[in-house]
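Note sheet for the following structure.
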Amino acid sequence: MAVGRDKRQLIAGRAAQELKNGMIVNLGIGIPTLVADYVPDGVHVVFQAENGILGYGKSPRAGEEDPFLCNAGGLPVTLTDEASYFDSTIAFGMIRRGLLDLTILGALQVSQKGDLANWIVPGKRVPGMGGAIDLAQKAKKVVAVTRHVARDGSPKILPECTYPLTTRQAVNLIITDMAVIEVTDAGLVLKEVAKEHTVDDVVRATAAPLIIPDQVEEF
Amino acid sequence: MAVGRDKRQLIAGRAAQELKNGMIVNLGIGIPTLVADYVPDGVHVVFQAENGILGYGKSPRAGEEDPFLCNAGGLPVTLTDEASYFDSTIAFGMIRRGLLDLTILGALQVSQKGDLANWIVPGKRVPGMGGAIDLAQKAKKVVAVTRHVARDGSPKILPECTYPLTTRQAVNLIITDMAVIEVTDAGLVLKEVAKEHTVDDVVRATAAPLIIPDQVEEF
Amino acid sequence: MIAINTREKALSKVTTLEEALKYINDGTVLMYGGFGGIGNPPTLIEGILQKGVKDLVLIGNDTAFPDVGIGRLITAGRVRKIITSHVGSNPVTGQLMHSGKLEVEFSPQGTLAERIRAGGMGLGGILTDVGIGTVAENGKQKIKINGKEYLVETALTAEVAIVHADKADPFGNLTYIRSGRNFSPLVAMAADITIAEADEIVSLGSLDPECIVTPGVYVNMVIPSQGVNWKWPWEEIKGSS
Amino acid sequence: MIAINTREKALSKVTTLEEALKYINDGTVLMYGGFGGIGNPPTLIEGILQKGVKDLVLIGNDTAFPDVGIGRLITAGRVRKIITSHVGSNPVTGQLMHSGKLEVEFSPQGTLAERIRAGGMGLGGILTDVGIGTVAENGKQKIKINGKEYLVETALTAEVAIVHADKADPFGNLTYIRSGRNFSPLVAMAADITIAEADEIVSLGSLDPECIVTPGVYVNMVIPSQGVNWKWPWEEIKGSS
């Protein structure tokens, strides 16, 4: 499932633009993890990790990793000044109670209604739902980040998900290496297209219908 | 409901004889509170208070009270070396999970089956059940301490309780200013009689039938 | 250092008593920390009294003593209803209850703590066998799991929660004072707006992250505490016995 | 000082790995602390491997990595069944699951944490709306509260729980190591026998009672930890990318 380093960084960097001052933010495993290293200057958000940290920051420098201070993906992080540790019931209590302003999650598939599938490829990969159901169902805003198409070129943004769902109508925004797409009541709206691609590229790589506004930004 | 100081101390002192090394013990409000000052030499028990302390000891000396270190009855205590603080869910988690070896509770009435009534005098006093239901239902051993008769001389140890119950068949041992009575499947067994009284005194002051063994100790 | 101060400012929730009291009004559903008065927030309670707020619906462990902590609101007649576990230390509560001026709803203490926590955790409730066979089961749904019966005890939430912290940082991370912890971290999670008064407000980064009891995400406002302004009952008994 | 030492001795639960392993045998239902390996107790896991225990039923958040922490028991084929939330970091778990050699039962992570806590708290379970409309609701009782639907998620308990503590005192009071806390205090409450391995065993009275995470009443045995004996995945990736 690995995407090229550049594409991963591109997606993470664009996702970081969704961070606003004061937000409480959870980052899923994979590409979302990278977002912590792209917080824009002057923006102060508080990252929450479901393994029991509120207040972590950038990755440590090589050699300065603390093996007992990692995010939910198992990668070393650093603490910020407001940090606290707690057990996993408190971590998920925050999530379930709706205190997360934003979660950025990986996706296997996203439907045009914002349905999210990210926990199982039937008959192949069964990572388990982990905290994705809790997060996708309860965070105030859900951003799905993913390569625009699967490794075999098949589309991941679909009229209906074919994999078992994590949550129905959860996703508010989809950020890929090709596009930024908003999930609205009217359907999927193409907001931005990556420099390297055209609107037509995006439409061809997307199985779900896209609403194309007059103005589509570049990123 | 006040009993004379001597009787209160007599009951507390006898109840303290139930403490065995290593026990986790909760003391209810009123006479039970006094038991902490009567732990026999060489006996190490850990007192738990449902307001969130595991490990408290004797009352502080006058002038050394800490207003923010009190037992569940609101009286100042001192800490022991194994002490920890926690919130009330943890305090009651310990109780509900059955980790309390012993609880010593006050009683309004006790029935011959060990039913306990200690939270309401209908139409008069409504203190509320507090933690008594949790404790009486879940502690491994329940000792009820009480004056043997009510202020108006009416018996408190009855065939059936007339007040609303805290818990059915909860009490294992009754300690009063007149007697020590064990609750058994066969009924109430008189184990000990206070120096100041005779077996006949106790029988007359007890509305429930008492089984009188050949040997009744004095205390 | 400039970066730190900027972050502290961006995340700060420190405010005034006056500002905090704007959220506590006639009829507010108000949870409070404390057990026998210890942990009841003195400055906020004094503020509520001064502001003249009435018809409060309280949720908390007990009603302290008539002149202590939350008991002062009961004595002053500012409370319409209370969900609690024990009112034995405050005879005024019993009097108002019997004269029909105060509605009192009882839960076993451990169940009350769990119901408040469940509200804070975004759960619908918890299942317990405590109270089965007593009046505590009246009017409650029951459910069987593997043949064993449990009461369905529903979650409690509030509009506002007030707690007395030992230390608070500007983000709202809190520690409590010894046995003053009790229900405080539970109610702090269960309200829409949580207001903490702290004996000490320390700079961001000075609390040990291992020892923080309430993470700042649960706290909306932090104000300085004026400290306890009542006499504890054991202080008055002292010397008189 | 004599009095203190006597009390410390009377309350002490410090023992040896060998003694602790007597409680972990073929078929034992075993809960473990840890998240992505962090908090998995290395010395106890090594001991279980050495002892040759098999057919374990595990309950815990995840299966770490193939050569890390609890994953080592999976890789060595010592596990018959696991109740967990995520096994993505350990492909061996998936392989054994697909080949029918390992039974895997999934819960959403927050629900799993609450189910274990409920077991530790002596509750029958909790009510949550997380997972409604997904496969997570399959086979579960539902209940309505005020017209809103909740899943009944039942409590989990175990015969033995193992955790990796930072500091332990002889009574079994524990603190944990930064993000090593995670599920540890939860499983420590939910087993009949809880065994803590600690990086440091300190004298009774030297832990700050405000900062103890697991009160000693939950802990049955304390043993010294030999420390982590595996390489973390990020250590191996370092330099290779």
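For reference, chains read A, B, C and D in written order, and residue numbers begin at 1 within each chain.
By our rule, contacts are C-beta pairs under 8 Å (C-beta built on N, C-alpha and C of every residue); 3 or more make two chains touch, one makes a residue touch a chain.
Just so it is clear, the model here is predicted, and its values are computed rather than measured.
Asks: From subunit A, count the fewest steps through touching chains until subunit D is reached.
Replies: When the steps are counted carefully, the minimum from subunit A to subunit D is 1.
Asks: From the mean C-alpha coordinate of subunit A to that of subunit C, what's the distance rounded to whole Å?
Replies: 36
Asks: Which whole number of Å gives the spacing of the CA centres of subunit C and subunit D?
Replies: Those two chain centres are 32 Å apart.
Asks: How many Å are there between the centre of subunit B and the centre of subunit C, using C-alpha atoms for each centre?
Replies: The computed centroid separation for subunit B versus subunit C comes out at 29 Å.
Asks: Can you tell me which residues of subunit D touch two or more of the remaining chains?
Replies: Within subunit D, the residues that touch at least two other chains are 114, 121-123, 128-129, 176, 178, 209-210.
Asks: Do you know which subunit A residues sit against two or more other chains?
Replies: Expected reply: 85-86, 89, 92-93, 95-96, 138.
Asks: Name the touching chain pairs, would you?
Replies: By the stated definition, chains touch in these pairs: A-C, A-D, B-C, B-D, C-D.
Asks: How about subunit B: which of its residues touch subunit C in the complex?
Replies: 29, 49-53, 62, 65-76, 85-89, 91-93, 95-96, 125-131, 133-134, 137-138, 164-168
Asks: Help me check something: in the complex, which residues belonging to subunit D touch subunit A?
Replies: 35-38, 61-62, 65, 84-89, 94, 97-98, 104, 106, 108-111, 113-114, 117, 128-131, 133-136, 176-186, 213, 228, 232-235, 238
Asks: For the complex, which residues does subunit C have touching subunit A?
Replies: 4, 6-8, 10-11, 120-123, 169, 171, 173, 189, 204-205, 207, 209-210, 212, 215-218
Asks: Mind pulling up the subunit A residues that touch subunit C in the complex?
Replies: Counting only subunit A, the residues touching subunit C are 21-22, 24, 42, 44, 46, 48, 54-55, 79-86, 89-90, 92-99, 138.
Asks: Which positions of subunit D touch subunit C when the two form their complex?
Replies: 114, 118, 121-129, 141, 143, 145-146, 148, 150, 152, 154-155, 175-176, 178, 208-211
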